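Naming follows writing order (A, B, C and D), and every chain is counted from residue 1.
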Amino acid sequence: MIISSDDIIIKTIARIFVPFIQLFALYVIMHGHYSPGGGFQGGVILGASLVLLLITHGYEEMRRRVPEGAVILLGSLGLLIYSGIGLTCLLLGGNYLDYSQLSVILHVDPAHARAMGILGIELGVAFAVMAAVCSIFFDISTGGILPEDEK
Amino acid sequence: MEVTLFIHAADDAFRILEKAKERAVGLLDTATKLTSETRWMEEKKVHAILKGAQETKSGFQNFVATFLMLFGFWALLSGKFDAFHLFLGVVCSLIIAYLSYDLLFANVRVGDVRIIVQRFIGYIPWLIREIVMSNFHVAYLALSPKMPIDPKVITFRTKLESDISWVTLANSITLTPGTITMDIEGREFMVHALDGKVADDLDTGEMEDRVAHIFMEADHIYIQDVLDVSRVFAKLKRGM
Amino acid sequence: MNEFFVVVGLGLCLLVFLVLYRVIFGPGVFNRIAAVSAIGTKSLIILLIFGYIYNRVEMFIDISMVYALLNFIGCIAAAKYLEMER
Amino acid sequence: MTHIMIALSILCILGGFFFFTTATIGLLRFPDFFTRLHATGKGDTLAVFLSLIGLALYEGFSLSALKIVIIAVFMFMAQPTATHAISRAGIRRGIKPWVKGEEK
């Protein structure tokens, strides 16, 4: 079980770095098509920032900041975005994940619609990957025994 | 007519500020009379009183400060300054600033940040000079055939308080010649030194005073404190 | 200028092999972590020099940012894991 | 102007490379874990900083140069913390620092 480390140095440095790491992760997600990155890599970096927070601040503080339910909710939200966009394209007459059909709803020319579609897909993938990384790490670090069960 | 009103108001303000200053100085004088242990707790109490008054305002200011820093970082990261990407940047920075507004500036009091930043920027050249010296020291030790190393472990109590000053002190110790911060127990810093000479430099506490100077822990009366105290006493006065 | 980068890159690779000795024969696990962290910083510079050789600097800077990040998180995680009494 | 920049960047990168070598030699030759941490902790921090500043200078004044400076600042703060974390773990797991008398 990861008890909160009483070392102020690592805690403060992690506290200073975490927001910037998360912003960098979002940058990597958003700029998938011109610079290296995309949904998957961005999601892993986002997960890594939460893992860093969990390592340095211990389990209790982490549950206050990112409750267990939120992680699973975010994962399913990602999946919803991913398949949602795919299905809407299907409903609009194109085949699955054919973004140009989205231009009908977004009142935008097909090229823009494709860009928007790709962005949406990458966001969905990133959320799903982040949730996966986090829940795996939560379960391994606690070994499945949550604080309530111990008491 | 307004002028006299203004003068009265100014008088009241100065009197309150004066009383507040005396009260704060009085509190801290009684603090210094006690032993260092109780003094530390006494100062903690003073901080606690002042912190309450300052808590609500700093929450929002933290959020705005974090947002601005994150948006600057985003603009730097993505070279594209067209409307769509800047809009994305604003949205992302807002989300993360909201999620982690209390992470970055947890207990730095906003009133003094400008001064702390100026002094910190003045501190960086000294730190770089130190690390260059320490690297030549390591190079000399590594390259000399008989490696004159005589390691020692030193522990010393720090008189600094805020987290960030502890971090700066520990990292500076790690970067200066011949010493590494090994462990911190409560207020005890455990330092591994390569040889005696370096250990003695550390005991002089010259670096600790430098860090204390940066984070304004040396001068007892902070600008932020007087502001808070005056507000607290104004409420009390009105209440009476 | 390209040759200068290639030479520095090869020099750094040589240094990584030297540090590899400490990784393999390091008396304990802690020496190995210190060595791996040293290799991490060296390969960060090698990565950037690759970017300069293939002059696709933009791409390699993002990769090296992620690399520096994960190297740091890895070090902290290893230290935290080894600190716990089993 | 560009010649000065290129000369400066070559100088910085060579300086960084020199400190990398001393750090590696220190890592290999020093007798005990904590002294080796001295070498890598300090040596690598400055070496990475100098090399990155050199590469940024070679890039000239552009956004990617600024990004390289950002990496340099990040490494400047992260490396001592990592060294501190490792040495803390070492002490907590009961590794005795070597004293002059003992054999290596």
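Convention: contacts are C-beta pairs under 8 Å (C-beta built on N, C-alpha and C of every residue); 3 or more make two chains touch, one makes a residue touch a chain.
Here the structure is a predicted model, which means the values were calculated and not measured.
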{"item": "Between B-D and A-D, the pair with more C-beta contacts", "value": "B-D"}
{"item": "Chain A and chain B: spacing of chain centres that average the CA atoms, whole Å", "value": "33"}
{"item": "Centre distance in Å when chain B and chain D are each reduced to the mean of their C-alpha atoms", "value": "26"}
{"item": "Between chain C and chain D, centroid-to-centroid distance (C-alpha), Å", "value": "11"}
{"item": "Residue numbers of chain B (touch at least two other chains)", "value": "73, 77, 79, 170-171, 181, 183"}
{"item": "Residues of chain A touching at least two other chains", "value": "7, 9-10, 13, 16-17, 24"}
{"item": "Multi-partner residues of chain C (at least 2 other chains)", "value": "58, 65, 69, 72, 76, 80, 83"}
{"item": "Touch relationships between chains, expressed as pairs", "value": "A-B, A-C, A-D, B-D, C-D"}
{"item": "Residue ranges of chain B touching chain A (in the complex, touch as defined)", "value": "66, 70, 73-74, 77-78, 85, 88, 92-93, 95-97, 99-100, 103-104, 106, 163-164, 166-167, 170-171, 181, 183-184"}
{"item": "Touching residues (chain side chain C, partner chain A) in the complex", "value": "58-59, 62-63, 65-66, 69-70, 72-73, 76-77, 80, 83"}
{"item": "Residues of chain D touching chain A in the complex", "value": "74, 77-78, 81, 84-85, 88"}
{"item": "List of chain B residues in touch with chain D within their complex", "value": "73, 76-77, 79, 131-132, 134-135, 138-139, 141-143, 147, 149-151, 153, 170-171, 174-175, 178, 180-183, 190, 192, 194"}
{"item": "Footprint of chain C on chain D - complex, ascending", "value": "6, 10, 13-14, 16-17, 20-21, 23-24, 27-28, 33, 36-37, 40, 44, 47-48, 51-52, 55, 58-59, 64, 67-68, 70-71, 74-75, 78-79, 81-83, 85-86, 88-90, 92-93, 95"}
